[in-house]
Amino acid sequence: MRDKRLDFLRRGRGERFKPLPDQELEKLPDDVWHKCLGCRELLYDKDLEANVWVCPRCGYHHRITVHERIAMLSDEGSFVETNHALRSLDPLEFTIRDRSYKDRLLQAEKDAGVSEAVVTGVATLDGVPISLAVMVMEYLGGAVGSVAGEKITRAVERAHQDGRGLVIVSQSGGMRMHEGLFSLMQMAKTSGALARLQQAKLPFISIIADQTYGGATASWVALGDVIIAEPGARVGFSGPRVLQAIKVRLADDVQKAEFMLQHGMIDLIVPRPQLRGTVIQFLHHFKGHMRCAAQVVPSQANGSAGNQRRKDEK
Amino acid sequence: MNRLVSELEFEKGLSEIRSALEKLTKADPRKVPDLAAQRARLEAQYDQQLAAIYREIIPWNRVLISRHPQRPRFLDFAAVLFPDFIELHGDRRYGDDGAIVGGPATFQGRSVILIGEQKGRSTKENIMRNFGMPHPEGYRKAERLIRMAERFDMPIVTFVDTSGASALEEDEARGVSWAIAECLRTQAEIHVPIISVIIGEGMSGGAIAIAMGNRVLMLEHSIYSVIAPEACASQLWRDVAAAPEAATAMHVTAQQLLRLGLIDRIVPEPLGGAHRDPTTAALYLETALREEFSRISFEQFDWAQQRYERYRQFGQVTDTLSTTQKAPTG
Amino acid sequence: MNRLVSELEFEKGLSEIRSALEKLTKADPRKVPDLAAQRARLEAQYDQQLAAIYREIIPWNRVLISRHPQRPRFLDFAAVLFPDFIELHGDRRYGDDGAIVGGPATFQGRSVILIGEQKGRSTKENIMRNFGMPHPEGYRKAERLIRMAERFDMPIVTFVDTSGASALEEDEARGVSWAIAECLRTQAEIHVPIISVIIGEGMSGGAIAIAMGNRVLMLEHSIYSVIAPEACASQLWRDVAAAPEAATAMHVTAQQLLRLGLIDRIVPEPLGGAHRDPTTAALYLETALREEFSRISFEQFDWAQQRYERYRQFGQVTDTLSTTQKAPTG
Amino acid sequence: MRDKRLDFLRRGRGERFKPLPDQELEKLPDDVWHKCLGCRELLYDKDLEANVWVCPRCGYHHRITVHERIAMLSDEGSFVETNHALRSLDPLEFTIRDRSYKDRLLQAEKDAGVSEAVVTGVATLDGVPISLAVMVMEYLGGAVGSVAGEKITRAVERAHQDGRGLVIVSQSGGMRMHEGLFSLMQMAKTSGALARLQQAKLPFISIIADQTYGGATASWVALGDVIIAEPGARVGFSGPRVLQAIKVRLADDVQKAEFMLQHGMIDLIVPRPQLRGTVIQFLHHFKGHMRCAAQVVPSQANGSAGNQRRKDEK
């Protein structure tokens, strides 16, 4: 448990690819308080958690788990995971020299504790029926392949079929190269499903957390009726590694949420403690064409661990 | 066939013959009495060796052909196939992008909308066309023309040839991701048929953005990929020299993608690639498009639905809880 | 009522009383025993004279009131009438314009979309809001929000307050005329009701661009015109000093326009203008909007048709060949 | 006849508000040739006319009459004018000191030789049925009031009712102040009519000739499915006099057609000799939803002088 918490801090924003140096880590106490990745203040776990892992002093948004996000964006106990058993078929039988993509996927599942780069399900939020998808940066950097695209698409279709609002929390390094053009096709697939959802006048709230690049940005992320980013989140077309490959340097502020707000691409930057309330407001405003209450209580079929809050795990 | 084009790295064996041919071209026919015979012999040699080289072709070679500076571009094909094409300009919002060109034309007596990514050939033209890397306003112009096609019941033919959308600060500032996403959504919404042809490089989001065809064709030596093989190699192999390996592994060629069911048809190119004989290449493309058009039912078919289904099926997954390959929708 | 606001040129008679009142405000109550009585007397004088001045008001005076720097703006009204308003940003194409503000809110338990032109008050805010002169991206944001309202069946309330759209080189380059025209066409296309309120200056294309309401309201001292009276005077009278004359001749006030049938309702303002008592002004507007909302049939009425007919009738013409005032359509 | 031709040259583009100085005028020969306003070359009338009054040497587009435009954009003898008897009711009873708007209108009619700032009618063009509106700069500078707005709207509605293509040639100084807010309302009225035409999938070819500003630009001109400008035409939001009033100076090139093409606002710049052919091409491409041949031959009812070419007048 402690180790996991350290993992989480180690993977904090902007430090994802360079873990804290060991001497720093050793200085960290191993009981109930941790050093803020923004201001380096030592903070009590409980204070951080009560504030959805946003530093009460400097506002730094620490990375949170997919389960915490789901808890934040659904009514307690209402979330029922869908399609959690989907796995990639490795259509290209992709190997990098000796290492197969299949092995990489098993490793990713072990690392991230979830089976793909997206967790999807149905829930209610303030009583409003939603279809919810939350991406997982820890799983192959949130790279989108066939399964992630399929799960997003099914989440869109589920919203459409049931008359639910759609909420997607995106964080993605881009498209997953191991599945080649199949990955690219997910852009067309998800955009196509969204076209139908939106023609049916059902709302889509697109939330940008952490970093979101490439095919995710250039398909569903950009198509939200409302697009919300967390403070300090980054969103753009080419991720850092692609930019490196094509030898383009962007000024540091260019892909920040604040830049995108200024350039008219996103609607709002909402601090995480206010996010739930804001999404609820939009859902209520936009629920004209949703199908209402009776259907919102999900059956327990097809459920899994997704509805457990972190505190339930303790 | 133009045998004097510059060779690609895997065609090096041709350069000696080509040099000899070049010399002959400059030779004075009065001083070399058997000029015609010499040329014929060299040409036969050239063609034989060319055929041998192309029998052994690997995916990486096609990557190189698809980028050959003399490879015909969209407007080269258009000049042959659509002589009455009228270029329309502008996104009505910000600018006119030189890297995406489009407008109405007639094909087989039917009015169509053409949209194509356009690389330049001269330095000046390349600057005007941003090396075929569209800015956001290019995709917004494309979207406007797609809506025009929808309004006036015109089928759309798109031509894909880009190393990727432009990704500089100005492109982020004007929302290149947004422009691409909206272009995709618009293609999903419309009801006229779209035929997309990958004619050169079809790289990443910048390519799929205008390639959401009901039918997707690829020229024999074109490529279509989620990312450039070099970038894939440097990221996954940590070694840019592994690009040929990455090209094979990612399945970027028309032949690989047809087998995978991701494209519908390969348009043959003349031996040695379209750049060695652009006119023949255009005629092959015309033949393919004629056949595609003859298969299109313009009156009653639900092209939006067919397009939805075509893209809906991509992405093979397994539901580990079920016995079928494809899980029922959640 | 705030009697300490700066006077307009036609209110000069008040300045002496206002100075005396200001002095009283700073006076030490312990040294001036009859402070309250003095103040009451001065206030009564002030109100009496104010009433006298406003009885004689001419159109040009209202032009001045509509531009008073302390006149409440869209966001001042929104703070009172729509406390849960959430501002949405951006046109998704180029930028976020500070001169047009919009987003969802609740009014009488119903979700609505608000769109308002917003002038600044401080220099800093005025720069951010371009003095209430929208750029093209402002109208494109408005158009996006109008489509959002249509998608989710939300009535729209627009608030007009601009001396005109921005008309600099950058605005021409980004197509301010195009943005306005498309915003108008979109309002013609949608099916939800629109209520437009002219709250200050409603000048020219920059005003009508977001004012294509099914019902159009004007605050008592707001103005709505094809062009600023000064510009009209300098063009038609060749004399900018003729602006008051031009204001009368062009019929720019709520009272004149109601008589002409061009607007539907006047919202009263507190004596001396909204800037003397913004809260009361907001309450008057709330009352008017409540009544308008109670008249709206949200379920079955064809608001697009009503809007079409409302604007279709404007422009009285005579067909000199026929006996009727309005010729049959050609 | 000679005098009129001199008038026309005097009113050439860019010289509208400053007639040629008298000594220049005196130098002009008074028989069959005239000085080009672009290159100052002396040109034969016949050569100019054969080239639709575009200088064959320098390409300068001389102003042409509304009748010449109508002839250029319709099949010979097919044009039937509509609504030519509409007149303003002067709803504001507008007077500028001693001079009434009503008198001004009578004067304008005398000056321009037409009864309003727009001439409308139905015609065929290469056999395709069209509704055609051509603005008249000579009539109060093409300023749009109730009648111009009404005629444009009826032209749009006529196209809609009959299933015709719509072609509007615009040249306008802006909105007509003498009718106050009634003029401004024409923007909403015409845009509303166009919304319906375009929802019915009938095409609108918007042609910018000469100078086009203000309410015309910001409503129908900008809403063309295709927008074509003549070389050297100017189009923008604020005309020179409004800019003067609001104390804004724009660089000279800003409102040129070439600038607008570069900034993505117009589709094409087409020299006048190619204009007819280009419009025909678009009409044929876009005629999918038009109603066809039988209805295109107009009845002779409601006709007037609009279908006479200049050469017929000789």
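Note that the chains are named A, B, C and D in the order they appear, and that numbering of residues resets to 1 at the start of each chain.
By definition in this document, a contact is a pair of C-beta atoms (placed from the backbone, for glycine too) under 8 Å apart; a residue touches a chain by one contact, two chains touch by 3 or more.
Everything numeric here is computed off the predicted structure, so don't read it as measured data.
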| item | value |
| --- | --- |
| Centre-to-centre distance between chain D and chain A (centres being mean Cα positions), rounded to whole Å | 56 |
| Between chain D and chain B, distance of the C-alpha-averaged centres to the nearest whole Å | 43 |
| Chain centre separation (chain A, chain B; CA means) in Å | 34 |
| Residue numbers of chain B (touch at least two other chains) | 92-94, 174-175, 178, 182 |
| Residue numbers of chain D (touch at least two other chains) | 198, 222, 263-265 |
| Topology of the chain contact graph, where touching chains are joined (line, ring, star, complete, other) | other |
| Chain-chain contacts as defined at top | A-B, A-C, B-C, B-D, C-D |
| Chain C to chain B touching residues, read off their complex | 92-94, 136, 140, 174-175, 178-179, 182 |
| Touch list for chain C against partner chain A, complex | 84, 86-96, 104, 106, 111, 137, 141, 148, 151-154 |
| Chain B to chain A touching residues, read off their complex | 164-165, 167-169, 171-178, 180-182, 184-185, 187-189, 204-205, 207-209, 212, 224-228, 230-232, 234-237, 249-252, 257, 260, 262, 307-308, 311-312, 314-322, 325, 327, 329-330 |
| Residue ranges of chain D touching chain C (in the complex, touch as defined) | 82-83, 85-89, 91-92, 94-97, 120, 145-147, 149-150, 153-155, 157-158, 161, 175-189, 191-196, 198-199, 214-215, 217-223, 235-238, 241-246, 248, 250-251, 254-255, 259-260, 263-265, 302 |
| Contact set on chain D toward chain B in their complex | 198, 201, 203, 222, 225-226, 261-268, 278, 281-282, 284-286, 288-289 |
